[in-house]
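Next come two complexes built around chain A: one with chain B, the other with chain C.
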Partner chain A sequence: MGSRLAKEYVQTAKTLRNDPAFSHVLALAPVSDDVLNKWEATIEGPPQTAYYGYQFKLQIEVDQNYPIKPPWICFEPQTVPHCNVDYDSGRICLNLLDADHWSPAWDLLHSINAIWQLLANPEPDSPLDIDLACLFRTKDYCAHDSLVRYYLNGGSRGSTGPIRGTR
Partner chain B sequence: MQLEFTRVYPVFSWSWDIRGDDQAAKENEGQEHQHQHQHHKEDQQEEEELCGICRVSYNGTCPSCKFPGDDCPLVVGECNHNFHVHCIQQWLDTATAKGLCPMCRQPFSLKRGVAINECQMDRLAKLLIQSQPSGLSDDQDMMMEQEFVVR
Partner chain C sequence: MSRKATVDEQIGSVTDPRDYRKTVIPELQDIDTLLRCNICKGFLKTPVLTPCGHTFCSLCIREYLNREQKCPLCLAELRESMLKSEFLVNEIAASYTKLRPKLLEFLNVEKGHQTQPVEDSSCMEIEHHLASSDRSISRINEENGDGDDDDIQIIETRENRPSKRPADAIFASAKKSRKESPQSGITSLFNRAKSPALHQPKLADCPICGKSFPVEVLQRTHLDECLSKEALDKPEDISSSPVTVKPALNPVSKELPTIEQPDFVSTTHYNRYLESTSNGSVTRLAKINFSSTSLQQLKQKLSSLKLPTAGSRQQMINRYNHYEMLWNSNYIDSIDPVDESELRRRLASWESNHNASDIPSKSGFISKFLIKNPMKDFKTDRFDRKGWAQAHQRAFRRLIREAKTSLKKSKKATSEHAGSLEQEDSTHLNQSVSSDLSAVPSNQLVARKDNITTCSQGSSET
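== the complex of A and B ==
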């Protein structure tokens, strides 16, 4: 496992430096060079979503059996209002991170990228946040995005910018 | 001129006898891509082909082995995806693998007629039969088993 993580570390650093397709991944690296099984990531909110303009931190822990077992990836608690994220714990519901759907062909960078895509494409049918899921399912995107912004601004109705009616 | 050899230092190199993915693609698409294929090959010399599970070169070892070669063999899937036998075995051994190739999610089986697969057939066949998804009908199960018996 150690050798694969070391390879991923090198490869990821190279990709993040050179590949504009991953420019929304602002950081992805081990917490310290000595401990390769704990990583940290920072991603940018996807454009044309309520998350745009905000940055989100993720904690990653890698099991001894990685890549046979999936990594454990979690947002920082109380930072991400999203129908597939448990707001209080930061837990993410994404099937590729599930042991049943994980494949060892995936790596940490592509997992983080999938989470970024999840931000832009909520899956209201397997929700961890019922309120946001209901708003999204009824296609009330205006209310959905407003509620997301409300949370993102620390619960206060700060400056929200223009609210889009359609998606 | 007469030469006298005092010493000879033989140097050998080896690699697994596999058909690369690009080679298979070439056969499918005919000769017209030969030129392209050559370019491809040049690219690949920089980027060695790696086991999709441990990301170590095919000619290297899985993370738990020290010596490459017969101690840590390579296998070729029917889907043309190659893995260190120890890596794919560890994957197929988990219930969540459901007997599928990690790369393409097709049911994983060893390619016939590939020399390096021969001695691994029995070992993987057992694993694969155990790990077939329960959703398969009896007919399909039978077919799988027969297929392996034939081999």
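== the complex of A and C ==
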């Protein structure tokens, strides 16, 4: 597994340097060169969404049986208001990351890319944030986007979580 | 530090299709990518073909199929018995892997010699060549009337030309073929066949007429020709067809004597392919339905395969499953099966990493819990419930026992004396629980401990 991750490290680094298709992935690398099973990623908010102009950090842990088993990826807690992301823990609801839907042909960069696309295309039918999902389902995109912006700008979540620091 | 060194080593040894980007033929990265397994991202090792037409390393796909019965690429249903080995791809990948460093070296060197960007160099060179020859003609005309300066120039251009011309011609033809059709794997194959260094090591002897050809030519046309000609018994045609191929090879070996290598390098792969037969003598190792297998049967099965029978039931199951995978991959898919003892050695090395014995695994749990807060994902699917239960099995049993006895006692007590004794019993229960907890060797009972100790503290304070 170690060599596979090393391979992926090198290839990801090259892709990020050269491929403009992944320019929204600002960083994707192991936390340190000693341990290749913990990675960190930074992505940019997709354009034409309320997330545009913000950067989001992702924590990645790679299972010993990767790529047979999916990697475990989550946002930093309390940074991402999104109907498929648990705001307090940063957990992401994306079927790609389930053991059932994961395919070993995927790699970390593509997983991160899928998460980036999830930011732009919320899936309100399996929500982790009910409020945003309800707004999105009723097609009140204006309200949805402004609520997202409100949280991104440090708006309070009320009793559900502590007030997050300013970014 | 040693760990760090191995990581660096791993990174250093990584090959990437994009290595070709900076070479003369960047399209080669297509072949490089195609010859890799989509699961391990390495070059295909003992490739197998799925019914849906995808190819993976035998071990990679078998390991995945133990978990999910579908194709990783198209998600079509897939079972291990459907896999077919691909000897040809195996040999192509093997010979390509051998060839790769030389290929890269040569293509990079070639670029170093070129002064102009490669993309337009062919056309430029030709134009330049025409222009300079025109110029030299005009110079010659001028020379008749003019001074010595021009004479030097003429000599210069003439000196340069002869050495460059053959290479230019080859590259020009390669460029032409690339420009005619869109860039694809096939075009790069053509380029490969035309570029001198590329087809040179891909030679193979024809098994019928015994003459050597590029593998491509041999497989596509020559074998058929040769066979049909032999059937028709026309020896003069056989002699004529190699002649058409040979001249293309000869100037190459003249030009680049350093690249020339003995034919056996590539012929071994080809011979291996021709000689390969499906291994009918060794039987497939069957999957076991472990739920209906007793521990005794499992041990018997393992020892009949000369495998160790140590460890827990789960470890033995893992051991059998992995060995079954190695066995089937080796005897069914591999073109060149290894010995059983080698398989056992591979199993052992796998086991030291993945199927560790009880004690290290327990410390593994503990260190895992120490590193990250176990409560973080207590409620998510990621929480290792089995591991948690296993690690604290003893403590849980004792707690249950204590709770049962004290429950009995308290029932007895309440039936005899209502009220007054109750408190005594409950404090007794709490004391026993907390003392039990302190006796638990692992310090990882965070979840339960928190709840119980807080309540025991609460009641002991009262």
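As a convention for this text, the second predicted complex is superposed on the first by the 155 of 167 C-alpha atoms of A that agree within 3 Å, B and C clash if a C-alpha of one lies under 4 Å from a C-alpha of the other, contacts with A are read in each partner's own complex, and residues count from 1 in each chain.
The rule is short, and it goes like this: a residue touches a chain if its C-beta (ideal position, glycine included) is under 8 Å from a C-beta of that chain, and two chains touch if they have at least 3 such contacts.
Just so we're clear, the structure is a prediction, and the values are computed from it rather than from any experiment.
With chain A as the common reference for superposition, the partners chain B and chain C occupy clashing space.
Touch criterion met: A:10 reaches chain C, while chain B stays clear of it. By the document's definition of touching, of the two partners only chain C reaches A:18; chain B does not.
Contacts of A:105 after superposition: both chain B and chain C are touched. Once chain A of one complex is fitted onto chain A of the other, the partner contacts of A:36 are limited to chain C, with no touch recorded for chain B. Shared-chain residue A:64: touches chain C; no touch with chain B.
In the superposed model, C is the one of chain B and chain C that contacts more residues of chain A. Chain A residues in contact with chain B (one complex) as well as with chain C (other complex) are 2-4, 7-8, 67-69, 99-100, 103-105. Across the complex, chain B meets chain A through its residues 52-56, 63, 87, 90-91, 94, 96, 100, 102-103, 105.
Against chain A, in their complex, chain C makes its touches with residues 3-4, 6-8, 10-11, 13-14, 16, 18, 21, 38-42, 60, 63-64, 67-68, 72-73, 75, 354, 376, 380, 382.
On the side of chain A, the complex with chain B involves touching residues 1-4, 7-8, 67-69, 99-100, 102-105. Chain A meets chain C in the complex at residues 2-4, 6-11, 14, 18, 33-34, 36, 64-65, 67-69, 72, 89, 91, 99-100, 103-105, 107.
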